[in-house]
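Have a look at these structures, which come just after this line.
Two complexes follow with subunit A in common, the first pairing it with subunit B and the second with subunit C.
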Partner chain A sequence: MKFKINRDHFANGLAQVLNVVGSKATMPILSNVLIEAEKDQISLSTTNLDLGIRCKIKAEVKETGSVTLPVKRLATIVRELPSVDVTFDGAPNHQVKLTSGGSTFKIMGIGKEEFPPLPEFGDEKAYTLEQSELISMLRSVSYAQSTDETRYILNGVYFNFRDEKLTLVATDGRRLALIAKEMEVPTACAGAIILPAKTVSELNRLLDKGSKVKINFNERRAAFQIATDKDTSGLIDHVYLYSKVVEGNYPNYQQVVPKETHQRIKLERELLLQCVHRAQLVCSEKSNSVKIKISSNLLEIFAASSDFGEAHESMAIGYSGPDLQVAFNPAFLMDPLKALTKDEVFFEVKDEVSPGVFKTLESFICVIMPVRMN
Partner chain B sequence: MPTSQALRMCPDLIMIPHTNGLYGQVSDAMFDLCESITPWVQRNSIDEGYLDLAPCGLKTTTEVEDLVRRLQQRIWDELQITVSMGIAANKLVAQIASKLRKPKGFVVVPVGAERDFLAPLSIGKLPGIGAKTEAYLAEFGLKLIGDILGRNERELKAAFGSDWAAVVAMARGKDDRPVETIPPEAKSYSQQETFTEDVGEFAKIERVAKRMIDELLAKVRADGKRVRTITVRVRYGDFTQTSQGKSLVEASDLEAPFYPLLGSLLSEVWNQRRKLRLVSVRFSGVEESGTQLEMFTQGDEKRRKLAAVLDRLNLGGTSAGVSRGHQLGGTKRN
Partner chain C sequence: MAKVRILPDRVANQIAAGEVIERPAAVVKELVENALDAGATRIEVEFRHGGRSLMRIEDNGSGMTRDDALLALERHATSKIAEAADLDRLHTFGFRGEALPSIASVSRFELQTRVTDSDVGTEILINGGKFVHVRDCGRPVGTRMEVTHLFNSVPARRKFLKTDATEAAHIVHCVRLYALASPQVAFTLIEDGRVIFRSPECSTLAERVTEIFGQQIAESLIAIDSVEPGLKLSGLIGRPGVGRATRHEMIVFVNGRPVDSRTLNYALIESYHESLPKGRYPLAFVFFECDPAAVDVNVHPAKREVRFRSEPQVRSFVIRSVLQRLREVGAPVVPVVEAQAIRPGAEATLPSGLAPLVVPAPVPRFFAATSPAPIRAALVVPVAITVPQSPVASELSNRDARPEISMTSWRFIGLAHGSYALFETSAGLVLLDRRAAHERIWFDRLVAQFASGAVTSQRLLLPIPLELDPIAAALLIDRTKFLGSHGFEIGEFGRNFFRIEAVPTWMEPADAEPFVRDVLGALRDGRLPENNLALAREELARIAAAKAIRLPAAPAEVALRALVAELFATRTPLTSPSGRPTFIELNHGELARRFQK
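Our next item is the complex of A and B:
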């Protein structure tokens, strides 16, 4: 195999697939990137068996073929090559000669045969979405995923295609974020998956390279074809992301979304975020909560830790209901406020043991369980 | 000394079963009597404490002595336990005085006479100086507390290192620590059990450790706290030991989240093919702030109700109490 390639394109391609490879690969081949040269492009694939990525880059292919090379080392070398023109020359013994300007590297590879192929999808359930829309939906909810490995069902984002809409949900059992988008859902294609957290973070990184993203899934796995038509650094066609899904039943999230609205307050998102952020500066690991007090046209935030001190913030609001007071983990308040982009949000509260709910006009809901003060 | 070793050395030893919680009750009764003469009582341990009589308006040393003698007698009359009293101007000297003539000692050190009182005593009477240090200090010719005061700074530094100034203050009978009536906040909750015979059965060790989890978490709940980290320690017959801890993502006051950690912790610490002499469980990472409420945990609410009922039934530990099913199959404790 032999090809000529632009150094920056090659480095960009390797950067797309690099993250999948963990520091402790279970088999040597899983530390490697599969490089396949065909026609006027090369494709780069990595996998950790749970998650795999393939991207394609334009190249001047003189001789087709394939080889696998240790991806981390290769990516570092390619990034630092002296000239933009890089020649890649693979020998039948899997040794690769990399030439660029006055530099030459010989790198030992492993044959393609040992590399586990990325599963390809047939005609499973399939949807096409705008990348910008999916990334915005993912950002609205992904912070609420659980990182507690003992609650593995919650270690991901739930994609639910049903009732003529796509709903994305993430929860760690203490807060729950949900966003929905209306779309056509044929009965035969209705279904749901839990996309693992690692895949969600890769998706967040890979999206926004083009206009469309195609999703295929069944009950065991999912695949994303991410168009790269907006990319200007060598990527062509699409990036293919394959992932196993978290198997199990996602909790019934509808039951935790309060059905009734008690007190609804319209708030300036940035202002509330700043107030909560300042107040929580006095919090400690031991006393990690802020108390929100709502009275006539006034919202106050109190925070205190016995070993440091206290903070008090106040902001004017439009409110004429009864006085209320409820405490929350400040991070749970700040996460949705950071993720949203609208200037105004609605906040609904009832009492000190009922959840607080953030809402926007775009079918976004974030339910936050309070902290019960002793 | 481990019980099994004691039995080997003294086969006729009479073994008295340990009494679940009785010592604690008697201790409480004793301190209650102490509090009848002054509210300033520091409960140092189950059988040791300090009373501050300064705010009691007593005018002479004789009045203080009379009051304390009456207390000593009353403790004997009502509880049939002997206590030794040391009366002095501060905690350090009072403690040393109380231990001087046991049992039923009564030693008074007049104000101003602290230094002279301590001088002829062996250096090992000072807190923090154990048998090994005492032997080490003897090499410097330091045998009595009074010996310390005859030495210059260089010699003292050589013997005591950077702590020398604190040691000199002790030797002079100086101590300004107040009597603290409020016990310091618990930084951890722990329990250990030493077996009369070394145990090699995993199930038994696990059962004992689970019982400790149950008993310790009842205390955690009683204090209105939550804990995050569990540490298991095991000790072999030759006193070598290992320990290992694991933390929950969120602190809890329920047993259920800790049970699944126990098996793997025990396997990690008990990594030698030898029987165990001791097992202990410790909870740390104590948190007291408000409780983060959960969404999908009707199970936890049920467990919390169950725990509250169990805690009420087992309160005081006067009866065998109600224990969980995992304790079945084990030998009874009492």
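Our next item is the complex of A and C:
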């Protein structure tokens, strides 16, 4: 195999696939990238068996072929090559000669045969979404995923295609974030998956390279074809992301969302975020909570820790109901406020044992369970 | 029908021998005791074939005159007591006057002795209880007794002897005990012509322990010396975290006599309750002294057991003393990482202009948390000590016994296998077990939090279901309030079915179910006493600390340093709450030895 390629394009392509490498020392091939030269393009693939990525870059292919090379090392070398023009020359013994300006590298590779192929998808359930929309939906909920590995079911984002809408849900058992978008869901294509946290973070990174993203899934795996039409540094066609899904039953989130509204308060998102952020500066690991007190046209935030001090914040609101008091983990309040982009949010509270709920006009809900001082 | 008759002396002696002389080691014990009672400063013990064919005990004690020697071979003849009341003021090992006639009745027994005033010594030979001869002999002042053909006259007993190796082990153990009991006496022990140990007169017990048990054990011991009116505890005890699988190295002397005292053994084990894991026994070479009238040694024929007049008093004294000592050594090398150590309150008294030069930022806070404790300690100690069935090692007691902190800096080297942090110290190398250290920190934090009553609980979005068997369910219903006050809200949700609706903020929801099950297990074992809130909280914190920890896979160096600083801000940094060591130190000596330098 032999091709000529632009250094920055090559580096950009490698950067897309770099994150997905196997940690198992038993399969050294998993820390390699599969490079396949086809007509006018090369494709780069990496996999750790749970997750796989493939992207395509334009190149001047003189001779087709394929080889695998250690991806981390290769990416570092390519990034630092002296000239923009790079020649890649693979010998049949899997040795690769990389030439650029005055530098030449010879790198030992492994044959393509050992590289586990990325599964391709056939007639699974398929949807097409706007990338910008999916990424904003993911950002609205992904912070609420659980990081506790013992509850692996919650270590991911739940995608539910049903009832003429797509709903994304994440929860760690103490708070839950949900966002829905209306779309056409044919009965045959209805279904749901739990996308693992690692895949979600890769998606977050990869999305926004083009306009559309196509999702295929069945109950064991999912694949994303991310169009790269907005990319300007060599990516062509689409980035293909393949992932296993978390197998199991996601908790019934519908019963968790309070059905009725008690007191709804309209708040300025930025302002509330700043107030909570300042108040929590006095919190410690031992006393990690802020108390919210709502009275006529006034919202107050208290925080205190015995070994440091106290904070008191107040902001004017439009409210005329009964006085209320409830405490929360400040991080749980700040996470949705940070993730959202709308200027206004609605906050619903009832009493000190009932959850607090953030809502926006675009069917976003974040349910936060309160903490209580004994 | 046979007529009732009084048994001849020989038979009576053989019967008595059955009680006193059960095995060769018992002969050695009796004769070594006699030598010590005779004021010897040098004792040599020799035996062959596990004591079966020969046992020889030679001393340089006061010796006996011929008349005394002959009389000593009669039953109940002794120079050690004169009347029954003397039993209450025993200062000697022996007192019954049974040993010599018993031994003489079951062996070939040769006695040579001379007193200072006499020119010639006396030699007496008895074979199987039958008098053979008395004659003059030449020998230095002191006594030499030779017991051969043990149990020749009682073949049944001979058959019950174990192998030579076993019997030899008993003899060695026995001589070691007495050697420990009297460091000022030189001991030599010879088996089959080979010297097992030879220990010259030692000025301290520590020297004697080194002589007999070796340097390694000696290094893992600390001295203890505690006196209260009428009671004294001295000797050596194991460092926190140093334990053994058996009780063999827990050696207790009461008024100089090696004994097997349940009271003292349990008191020792209990004192280590938080310095050693369950099922491990401490090392101890301790002397307990009290008024001879307060202890009854006349319980067991071989005087192996003793009974105290006031067991609870003895027990609580020992526990108090040992705990205090363990806490004092709790932090021998405290690395306030690369910084000057700060004493509690030091910051406040410094003129503000000087403070910033030496005060490292992360340290003072942790001290602040421990300072209000002594007040509470005063209240808790007496309660804990007088409840006999509860583990007395209350975490809350004795907080003011915090040791002064020494100034050593630890240099972080790396993390091995994800769990052991390696540090270079001025004394050598330290391997820190991250989990154990975290457990200790969490434990202290939780105990403080429980005590302050500031428990916050996080309500759960998805309550955790919990199905229990009827007994556990009843226990849980009983203690819902207790758990509630510590951050758990548990609601009944049907027969034997519950839902955990809120957990303390420090707990991952996933841990709640196993935790509650563990707590119920502890409740069943009676480890969460209802009437002793402090102990119950402590146990709760212990279970929680073991569960609560999620170790980050790749901690930053800063995090590990903070961990060390935080660990040494706790009261007992050397062990985890379950008694495992938090770190081990390889000192320069140890390293040099390993590399054969």
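Methods note: the second predicted complex is superposed on the first by the 369 of 374 C-alpha atoms of A that agree within 3 Å, B and C clash if a C-alpha of one lies under 4 Å from a C-alpha of the other, contacts with A are read in each partner's own complex, and residues count from 1 in each chain.
Everything below uses one rule, namely that a contact is a pair of C-beta atoms (placed from the backbone, for glycine too) under 8 Å apart; a residue touches a chain by one contact, two chains touch by 3 or more.
As the structure is a prediction and not an experimental result, all values here were calculated from the model.
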Check your understanding: Based on the superposition on subunit A, does the combination of subunit B and subunit C result in a clash or a fit?
Key -> clash
Check your understanding: What is the contact status of A:Pro251 with respect to subunit B (first) and subunit C (second): first, second, both, or neither?
Key -> both
Review point. Taking the superposition as given, does A:Asp307 touch the first partner, subunit B, the second, subunit C, both, or neither?
Key: second
Check your understanding: So, A:Lys165: does it touch subunit B (first), subunit C (second), both, or neither?
Key -> neither
Review point. So, A:Val367: does it touch subunit B (first), subunit C (second), both, or neither?
Key: both
Review point. Looking at the overlay, does A:Lys181 come into contact with subunit B only (first), subunit C only (second), both, or neither?
Key: neither
**Study point:** Touched partner set for A:Lys212, first subunit B, second subunit C, both or neither
**Key:** neither
Review point. Does subunit B (first) or subunit C (second) touch A:Ser287, or do both, or does neither?
Key: both
Review point. When the two structures are overlaid on chain A, which partner does A:Lys72 contact: first (subunit B), second (subunit C), both, or neither?
Key: neither
Practice item. For A:Asn329, select first, second, both or neither according to whether it touches subunit B, subunit C, the two together, or no partner. Key: both
Practice item. Clash-wise, after the superposition, say which stretch of subunit B runs into subunit C: 165-173, 183-191 or 201-209. Key: 183-191
Review point. Taking the two structures together, which residues of subunit A meet both subunit B and subunit C?
Key: 148, 150, 171, 173-174, 176, 251, 256, 285-289, 327, 329, 353, 355, 367, 369-374
Practice item. Please name which positions on subunit B make contact with subunit A in the complex. Key: 224, 249-250, 260, 287-297
Revision key, fill the gap. Seen from subunit A, its contact residues with subunit C in the complex are 148, 150-151, 171-176, 251, 256, 285-289, 306-307, 327, 329, 353, 355, 367, 369-374
Practice item. Write out the stretch or stretches of subunit A touching subunit B in their complex. Key: 147-148, 150, 171, 173-174, 176, 251, 256, 285-289, 327, 329, 353, 355, 367, 369-374
Check your understanding: Touching subunit A in the complex: which residues of subunit C?
Key -> 365, 368-369, 445, 449, 452-462, 484-487, 502, 505-506, 508-511, 550
